[in-house]
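Alright, structures below, take your time with them.
Two complexes are shown next, each including chain A; its partner changes from chain B in the first to chain C in the second.
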Partner chain A sequence: MTIVSRRTFLAGSTALASTIGAPAIVGAQTPSVKVGLIHPVTGFVAYNGQQNRLGATMAIEDLNKAGGIKSMGGAKLEALLGDSQSKVEVGVSEVEKMNEAGVAAYIGCFQSPVGIAASQAASKYNTPFLIDVGASDLIVTRGLKNTFRLKPGFGVCVDQGIGALGAMNSAAGGPAKTAVIVHESGEFGTGTAKLLSGKLPTIGIEVKEVIPHDNPTRNFDNIALRIRSLQPDLVMMSNYQNEYVLLARTLYQQKVNLAGFYSLLGGGFNYKFAKEMPDVSQYMMDTNHWFNPKSARAQALKKRVEAGGNLFTYEVYLSYSVVELLADALEHAGSADKEKLLAALTASTYKADMLPYAATKFVNGQNEGGRPATLQVIKGDIKVVGPEDVAELKPVFPKPKFK
Partner chain B sequence: MSSRVKMLLAIGFLAALAYPLVVPNYLVTVGMLMFFAAFIGQSWNIAGGFAGQTSFGHAVFFGVGAYTSTILHVSYGWNPWLAWPVAMAAGAVVGWVIAVLSFRAGLRGSYFALITLAFAEVFRILANSVPFTHGGLGMLIRADIRPANFQFGNAIWPYYVAFALCLVSLFIAWRLTQSRFGARLVAIRENEDAARALGIDVFAEKVKVLMLSGAMCAAGGTFYAQKYLYIDPNIAFGIDKSVEMLLVAMVGGAGTIFGPLIGAVALTGINELTRWAAAVIPALKNVQPLSLIVYGIMLILIVARLPDGLMSLFGRPSSKAKPRHA
Partner chain C sequence: MFDPQILIAGVLNGLLAGGIYVLVAVGLTLIYGVLHIINFAHGSLLMLAMYAVFFLWRLSGIDPYLALPIVVAGSFVFGYLLYRGLIGRLSHGRDENILLLTLGVSIVIDNAALLFFGGDTQTVEVPYAGDAIEIGAAFLPIPKLISFGAALLICLVLGLFMARTDTGKAIRAVARERQGARLAGIDVEKIFAISYGIGIACLGAAACLLMPTFYVTPQSGYAFVLVAFTTVVLGGMGSFVGAAIGGFLIGVTESLGGLLLGEQLGQIGISLIFILILLFKPTGLFGSKA
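Here is the complex of A and B:
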């Protein structure tokens, strides 16, 4: 006797209903590949999640307009939108829901803890999970075969950021000898601060103090006073949008004189900050995910995003590029079959030309070709000051002192 | 309990048993989340509802449970099933410490609620700072999906574990309504001074109930850690967990046996339905915080129209625990 399992029964009955009920519709439809987009579009990092969603949906629209996945007969990408609500359990619940809907791959999740749990859940179904934003290196050190991250993680960003800072400091005659690190107390800020504390002495900069703060923090007066009393040459910040901007503004208001503000993956270092607070942000520096200013496609996308009343933040072009990575893998796989798609992603050589990256090369799911850029605010605009091959300007360092 | 109620409970039990066998995995996960919320809500309800010791910081027990089992498992190689009772014991110990410190100082009502919030914050900051919790980096549990390792490949098993936890919590709540201990708690809730005048050792009873509540909540923390395989200080000790526990009990009906379960079904259901609507219905796709808006409106309506929670729709006055043997 043949035993029909619950799943087989469900799948069979659904297929039968589809075939009997709507043969004309099925026949007329272009095949589509479902992509699950899981971002925190509500919750305390909702703005970032909405920017991620914007970039990913724009990329899907553009790819579909350009004819879809050609090796799959012009199959269109179909976005399934998920909101993690900034919660791990909701992110995992979205994975389960989208799996039922038959997604070929997931993209997400902005927050590392959600990305860690959601990609783990997706691994049960052997479904590719592409991390667009999520800094923690734990994401790609668990041995999961389904998880891929295009952008560089903590380690690479810190190494390259410290290298850039050391070179700039040496070139300026070594004005920075001490630093204070201010970081948010979550996984992202703590991880960055820990790496910074270990690496700054290697370029001759002593860490005077590491100051954590909560999320959210709505007053930085005491931290600014503490920094003023310590008299460091550098303040290094690692936190999210609101706290980053608030700390910078408080230090500006209290006229704390420094050789420079230098952040690594500064959550608030973006066009919004630079444009809305040109005086506060002037000469602030950051090593972060950024687009290649010499890429015509990136500049065109920037114009479109800004024309829509949005800011061209790193979430937008990282999510956009990750959708392109998936589309490239689908082209090579010629199928949305999970095994074939995973193999195509593992062997991917996709060139993210909007980003300052070399060709993609995944090692344990981490793209070795990814690298951040070093940035500086100049008169309300953000300019790339490193690496040299994509730099627009030379950095202003040390920054002029308050009068 | 009338025979009609018994029959309804039997039908509910059988329906819950059969549910994961007939629905897709996503709905199994939703069911698991409901029972899990009901369980941790019941842990709050036992202290906050039955004994009237309202807490704003029950996440402290949740986090202690999650971290205790995770540290024993990850750092010392313990099997998570064995680490689970130790985590519960740790929750009970923390409950004892908080209770002794707070009740010795005579803290009651809103003062006690605030001190529990402060304890949760202290533990969150400690977990962020000390090396054995890996600070803000959090703790990752390596995926080794075997039931013997308290990790399940199939969504059905976490559902049944959460269901079993919920049943145990319902049994404990029911026992409280039948026992002298429960009656003494209700007496304390209704009038602490009068209870003392009746000869009840108010301090000892309050310490005991916080230990019981802490142990239950810690069990929930371990379950969560093993389900999601990652915890960090914000996840474990964050205020949103405390609010979640408090809300399911208050919305369902604090101080009742089935209040947290009803509240969990209502709140999880609303959340999932509105998220589904926001993702599927074109006109709502740009209304991103829809679920939060509906959630907020529901809360306002329930608090305004049903101050005793949803259980009052089912004749709460007779189902709420009353002093019987004090």
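Here is the complex of A and C:
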């Protein structure tokens, strides 16, 4: 006779229960589609990554509440949360882990280098990778069939920013003839600065100097000193949040008086900066991703986000919209099958109505319908000053001098 | 070539930045001098003190400079208790354990800060933030001048404390000869905790002086800690005078390097100093041989 110990009995019972019970549980559940969200929620751009995650998870929650993916029998989206820790190699390892978990698509990654490497890793498995934030145009120029970017890259942002600046400068009688570019030294800042240096002369603005800086930078006093000695009419900035705020504050403290401070994809240009540093931020301008102020849905989302004690930054509504793009593609594909989903994304005509975009049209993975907005801080608030069809105010240019 | 006025302005900017490096480095060198360990939690504890300054201002409207006595005292108590309750107790008298413990403490503090305070950039806005004195080409912001003066004063007070008080003498005795101090009746463990507390109090002072011109995020302490390590090596591990002079030298090197070579290459100057000191004078400018 075999004596069954208590431990063996418990182990056997558990195994039996799981064999019999599991199919019943699975059968009772609503089918779900796993979505891998890879963002830097720790590390030096943690805030931005947390904002991305906030937008994406809010969208998933809203979509699920609204009945999920109807063509898939009301399948719910299930978020797998990944932290790239602001590091490329960690972002790639998150792709591998999530692939093991069976994700249907990835969304990420805020930082261009992480997005480039992670989407490459996902391409091995032919899994769609949707870029919510990631400025470098390298992301969509490598011929990867799995990578899609809803928002415009820095090429389009620079073109539009330069166009807006040129028009504004001409309308004001051309007070800006020279500029200094200050940028962070990574892929995003360097790429933007290179494009700016090439394009500013086309609107009659000479680039006096291009000044790169590291992340983090402790002190911008010498950059301010250098700018004052060069006496440009404009300072053009392209940096992440912390350095953006510190640079703006230093230029104000050092009384660097110019016709304008104009950033492209300024990492710190947000409501908090405008509200908490009204003197520093007054009349600063930025061409950046922004919501359509005339969209009722965007305004409603803004209220919800702010009611939760968070800022309505571009990461939130870009990630929110990208989740909607994925849901729309799943709806059209009627399946999470990778080939069908890729085909649906490629043919997508999703209308991101919270953003000032035309209907989505992907060409080599880049949405041709996306465009940034030109913004200006006016009395502690941010106003859209271009494009004209969504503008709230006319820009103040040249800016009045610091007191 | 640069206008001499710009160079002078660069030197002045470097000296002002150096004031903060001095305070951060003095705390680090004191802890090293007494406990003979590198405090890996230094950056995280600086960040924590910066958050304390930020919240005192945000919640109670206390100006960062007026918050100095509160934050310095709080930092001392925090450092003292951290050593007494955790580091000293778990290290079992082994230096390598203390090293690992401070590393662990730093990881916990960083992630707790991220969890409770979020990753957003927080700044303190004071009415005098935009005030400055113009000297030639230099525009010296009032908050940085205050920081510079206060850093010098704090170093002086700390130097007097170490030279004139019984506790200061006991700290020096423990730093010089641990066993001898024990035999002379000094409570070495208590001195370790007091030294650690004073080191962290220096960070509290640095945080108060930094916040009117800098920002705080859970990562912001690291921006200063690497430069503090270089300062300590340059001045000599455990040397107060070395940390003070080293901080100003590093500030000026960084500033002039940035002006002459560009902001990125300017950092090379600091690394170059670090390498040269290790090659030719490993004990630092004012360090004594072990």
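A few notes on this one:
In the analysis below, the second predicted complex is superposed on the first by the 381 of 403 C-alpha atoms of A that agree within 3 Å, B and C clash if a C-alpha of one lies under 4 Å from a C-alpha of the other, contacts with A are read in each partner's own complex, and residues count from 1 in each chain.
Rule of thumb we're sticking to: contacts are C-beta pairs under 8 Å (C-beta built on N, C-alpha and C of every residue); 3 or more make two chains touch, one makes a residue touch a chain.
If you're wondering where the values come from, they're calculated on a predicted model, not measured in any experiment.
Superposition of the two structures on chain A leads chain B and chain C into a clash.
By the touch criterion defined above, A:P212 reaches both chain B and chain C. Using the contact criterion defined above for the overlaid structures, shared-chain residue A:T42 touches chain B and also reaches chain C.
In the superposition on chain A, A:D279 contacts chain C only, with no contact to chain B.
Of the two partner chains placed by superposition, A:F110 touches none, neither chain B nor chain C. In the superposed model, A:Y314 makes contact with neither chain B nor chain C. Contacts of A:Y262 after superposition on the shared chain: neither chain B nor chain C is touched.
In the superposed pair of complexes, A:L246 makes contact with chain C only, with no contact to chain B. In the overlay built on the shared chain, the residue A:Q50 is in contact with chain B and with chain C. Judged by the touch definition given at the top, the superposed model places A:R228 against chain C, while chain B stays out of reach. Chain B is struck by only one stretch of chain C after the chain A overlay, and of the options 1-9, 37-45, 91-99 or 235-243 that stretch is 91-99. Overlap of the chain B and chain C interfaces on chain A: residues 41-42, 46, 50, 185, 212. Chain A makes touch with chain B in their complex at residues 6, 10, 41-42, 46, 50, 80-83, 85, 87-90, 92-93, 96-97, 99-100, 113, 116-117, 120, 123-124, 136, 138, 142, 144, 185-187, 189-191, 194, 212, 215. In the complex of the two chains, the chain A residues touching chain C come out as 41-50, 185, 211-214, 216-219, 221-226, 228-229, 241-242, 245-246, 249, 252-255, 268, 272, 276-277, 279-280, 311, 402. Those residues of chain B that touch chain A in the shared complex are 21-22, 24-26, 28-30, 33, 125, 128, 135-138, 140, 142-143, 145, 153, 155, 224, 228-230, 232-235, 240, 271-272, 275-276, 278-279, 285, 288-289, 291-292. Taken together, the chain C residues at the contact with chain A in this complex read 3, 6, 9-10, 13, 16-17, 111, 114, 118-121, 123, 125, 129-130, 132, 137-139, 141, 143-144, 213-215, 217-220, 222-224, 227, 254-255, 258-259, 262-264, 266-267.
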